[in-house]
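Some structures to go through are shown next.
In the two assemblies presented below, chain A is common to both, partnered first by chain B and then by chain C.
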Partner chain A sequence: MTEEKFDAIVIGAGMAGNAAAYTMASRGLKVLQLERGEYPGSKNVQGAIMYSNMLEKIIPDFRDDAPLERHLIEQRFWMMDDTSHIGMQYRSDDFNESRHNRYTVIRAQFDKWFSRKVREAGATVLCETTVTELARDSDGKVIGVLTDRTGDMILADVVVLAEGVNGLLGTRAGLRETPKPQNVALAVKEMHFLPEEVIDQRFGLKANEGCVIEAAGTISRSMAGLAFLYTNKESISIGIGCLVSDFAATMESPYELLESFKNHPSIRTLIAGSEVKEYAAHLIPEGGYRAIPQLFGNGWVVVGDAAQLNNAVHREGSNLAMTSGRLAGEAIFLVRKGGRPMTKENLALYKSMLDKSFVIKDLRKYKDMPALLHTNSRNFFTTYPQLLSQAAQNFMRVDSTPKLDKERATTAAFIKARSRWGLVGDAVRLAFAWR
Partner chain B sequence: MTIAVTNLRVEDKLYQNRYVVDSGRPHIKVRPHKWPSANLFALTSVCPAKCYELNDNGQVEITADGCMECGTCRILCEASGEIEWNYPRGGYGVLFKFG
Partner chain C sequence: MHILICIKQVPDSAQIRVHPVTNTIMRQGVPTIINPYDLFALEEALRLRDCHGGEVTVLTMGPPMAEDALRKALTYGADRAVLLTDRYFAGSDTLATSFALSQAIAKIGETFGAPDIVFTGKQTIDGDTAQVGPGIAKRLDLLQLTYVAKIVSIDLDAREITVERRSEGGTQTLMTKLPCLITMLEGTNEIRRGSLDDALRAARSQIVKWNAADAGIEDLTKCGLRGSPTVVKRVFAPTARAEKAEQIDTTEKTSRDLAEELIAGIFSRQPALEDELAFDGDD
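So, the complex of A and B:
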């Protein structure tokens, strides 16, 4: 392998790495992809929702053989207190279209499929290989990698860092900083298996229709966090994630949070009788636009979670990963086609392509949202959910209290908890962060 | 009592997972210390696999066999030098069946 030189080395076989490797290999580049897991996907964790539009731009006919679980026709957003949830939900038969918009997937299976496509496109995929170091020349240009498989250096014109949120290589080489505790969430997740028809009945689904629940509130114990429940064909992915900085400050235990969420009266019946077959943990980039590091340099680009490309507000990540991987691959292809070297100057093309895409535009839109939600987490994740629950219960519960008194009590509770100025301030800050 | 119940529970969870443990080559090490920092101490409850535990002398120890390689401890304690964090050798460590 030492005498061989590749056009590009891709580190990691997740969404971003596979997108990059496929894009380059299918355009005729000589690509080596390195993955430390036993098989592609064995180290990867996601909820997981896969977004068709972004995969279609890479593999248009993916629906022919990709392992898809259910297409989503319903989304529920819940605000929870300890005994209740108040929610908004949207369900539409329009989502029963022939080219479905979103699917749940099981990453270990999906990533194996994606990797097969990468190999079919002509890339060399080497699993069970941990890259230990980036190789650089005397000018600091990245020229290849060192792995734990052999002591030898593997050379390439460019290295695509698709090493994930906790990528060691780029941070140790000083290409970007290690994420700050306030810019990453720790999520834990379990896979609960149930017969397909039981899931259909509990969520009112048929014929591979799927439903998603995303929930915030007292379940995160005042930390900035979100819980989720996704229906797969014969299983339910259920999990909760909160900021690492909040976990460290509160010393809450993630699996106890997950147990509480599973035992919440609104959730318990949905997963009753299921068999748990896996427990996973993973970090999620939450810093948004302001946490995006330098994305390219001499002989390297960084894509996906490693580049913090995650839209926390819309809970989108895999599509940003796929798109950044694809654009990096296209940029590298164009630089090479022009006969130009993989310098920082030339690889800036990747950044300008990413800037023009939804990836950076969306992240820029919500650039102030992380700071708002992360610094006021008690208000947004405990106080407001409790107030809304009380308000709803005041409205629903029928007793002999006159309605006007009930409404006054609700208003008084909001003002007591947050004050008039506090309420106005929260509304204004939220509106500004959203616009 | 609460702690005993919690212990049991996370071990039951981890029991579902598939691991190939690289015996004798732990990928995370805790630097010897007299007293743990707040972040290092926090790992005894924040680590989702409960790999970190306080010993009788008040020091934090790690058994990384159940580690899911999430990196939370690295984010909290690598910069201060309290822990040394590497990925396991290729093919070793947690191997998710579903992910």
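So, the complex of A and C:
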């Protein structure tokens, strides 16, 4: 075959890769997308909640045919100790608008749909093809890729690395460091089948309405972590994730945490009688702003999880991935339209576009949060949930103790556990990390 | 040489689940694959082409999404793919399927050259009948070699092929004239990994799509549900039996002891069987 050259090669067919490939292909660029999985989505794992606004910016009429599960009308946040949960929840009929704000999705199905859109936009998509190496010219500019299939290198003006959190290729090529264990969470997840009506009844839902629960507390056994439960149409996704460094230090097993979470009295009844359909595990980049690597270079840009773009505080990842993929695609399109080469200098446009977007602004807002939660994980994930739960119980339980004594006991418990200065310090640190 | 291979897109049976409430098979969301038996036939076809030259055409009948299976076959290195798809084919049993496929094969012969060999897998994992291959051979009046484990040699000048066929109690070495139909056994080879060029070509190929008319099928009463005497009345998961499996302790027992224990166990649960078999006893 004659040596063929593409305008852009996208490595990976997840949210970021599909967004980038679609953005470029729909603007007339000759795009090749390479995916190592058997089909797009086969390697991808997410909770998963999909955010409409960010997808609308790529495919405005996605609701016409995208496989969506339920639109979310309710979110619960639970602080848990071993037997109780104290929570905050928000439910609004306003979320039953015609253009729903958030949906639960099943990534295997959703990604197939997204990939079909990418192909319809004109990109060439090859699955079961792993990129083994970035090809460079004598000046070090990335000029294409080599794959694990027999054949020559494939040339392109620019390579978009959307290879996911592990980023093996980028690391091997020296474009980034190996992610640090304290900047990566390991999450495990199960899909539990339940009939649609049962889910509707248990969560008080109707007509494709959905509910999500995010939970933190003693379930993570003092590690920095969160558990979740999302309602799909005919199944429930349930999972838990903690920092890899914490797993390493405590020698806890992820699946044991998930078993405990599933058996928690507050959760057990919600999933009772269900059948496990699927088990998955994945890494999540949680290092936040300070862990973002170099995002562009001579002939390359990096997007999505591979660029560590994930908002751990708000549990948002796929929208940052989609947006970074889209902006990379737009930047490449603009550079090309201007007739300029894909040099580091010109591709800096991607970074400046990303800086102006919510992606970097949000991550910058929470830049100190990962370190705070990591170094104080026992307080935030065990001590406070226990104290809050005890306080709530003290408030609810009716006996002959005078109310004033109850309040004093609660206050005393907080001070005993964290001391006055400790409480003030935690509040100040949290407020600073949040601001 | 023109080699044609019939493949089928099937649900990955390893991933099929039963609905816990309705006890029906849940097909939704189950990934589809190329019938694994067909991959052995495809690899054999590709090897023959690589050795002797020619073309490999892949044919399937199915819904539009069966295009994925054909594209995958092209990724492995097949030269051409034809998708036979029409709502008239819906609900086909093996009789109707072999009719439609044989008509399409005849049409492919007219369009791209008559095939010297038609391959199919031994059977499919969703139907398990092993009837479609022989059905095609019969309709096209092709010599048929079923359960082939190995292609020993092929002589294109003499138009002869020699194969090893596995049968009960041994292996037969058979020679026959071309054209012929071969159904390939599993485990005979391993499907290759297509080259980058093949993968790129597959990703961009236009799959030839034929409806009944395109395939030259005039008699629609032989197609689909109307042409299918077999009717699936119900699909369900068998309910678990109340009886539990029992393990027989084998330590320090002769095989005779074990056999007797086993027979006694069976008779204790099926007394009628004991009476029935007693009449056959001649000792």
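Basically, the second predicted complex is superposed on the first by the 432 of 435 C-alpha atoms of A that agree within 3 Å, B and C clash if a C-alpha of one lies under 4 Å from a C-alpha of the other, contacts with A are read in each partner's own complex, and residues count from 1 in each chain.
Note that a residue touches a chain if its C-beta (ideal position, glycine included) is under 8 Å from a C-beta of that chain, and two chains touch if they have at least 3 such contacts.
None of the values given here were measured: they were computed from a predicted structure.
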Query raised in the report: Once chain A from each complex is brought into register, does chain C clash with chain B or fit beside it?
Result: fit
**Report entry** Contact breadth on chain A, by residue count: chain C or chain B
**Finding:** B
Requested in this report: Applying the touch criterion given at the start, work out whether A:Glu56 contacts chain B, chain C, both or neither, answering first, second, both or neither.
Outcome: neither
Query raised in the report: After superposition on the shared chain, which partner residues are touched by A:Glu120: those of chain B (first), chain C (second), both, or neither?
Result: neither
Query raised in the report: Which partner does A:Thr147 contact after superposing on A: first (chain B), second (chain C), both, neither?
Result: both
Query raised in the report: Touching A:Asp65, do we find chain B (first), chain C (second), both, or neither?
Result: neither
Query raised in the report: What angle, rounded to a multiple of 10°, is defined by the Cα centres of chain B, chain A and chain C, with the middle one as vertex?
Result: 60
Report task. Applying the touch criterion given at the start, work out whether A:Pro195 contacts chain B, chain C, both or neither, answering first, second, both or neither. Result -> second
Query raised in the report: Thinking of the overlay built on chain A, is A:Val184 touched by chain B (first), by chain C (second), by both, or by neither?
Result: first
Requested in this report: Would you check which partner chain A:Thr129 touches, where first means chain B only, second means chain C only, and both and neither mean what they say?
Outcome: both
Requested in this report: With the two complexes superposed on chain A, say which partner A:Lys277 touches: chain B (first), chain C (second), both, or neither.
Outcome: both
Query raised in the report: For the overlay built on chain A, what is the smallest gap between any CA atom of chain B and any CA atom of chain C, in Å?
Result: 7
Requested in this report: Share the list of chain A residues that count as touching for chain B in one structure and for chain C in the other.
Outcome: 106, 108-109, 128-129, 147, 149, 277
Query - chain A to chain B touching residues, read off their complex - result: 36-38, 41-46, 48, 106-109, 111, 127-130, 147-149, 165-166, 168, 178-181, 184, 186, 188, 190-191, 235, 244, 247-249, 251-256, 259, 276-283
Query - Touching residues (chain side chain A, partner chain C) in the complex - result: 1, 4, 39, 106, 108-109, 124-126, 128-129, 147, 149-152, 154, 193, 195, 273, 275, 277
Query raised in the report: In the complex formed with chain A, which residues of chain B make contact?
Result: 6, 9-10, 13-14, 16-17, 20, 38-39, 42, 45-46, 48-50, 68-72, 74-76, 78-79, 85-91, 93-99
Query - Residues on chain C engaged by chain A in the complex (per definition of touch) - result: 17, 20-21, 29, 31, 75, 193-197, 199-200, 203-204
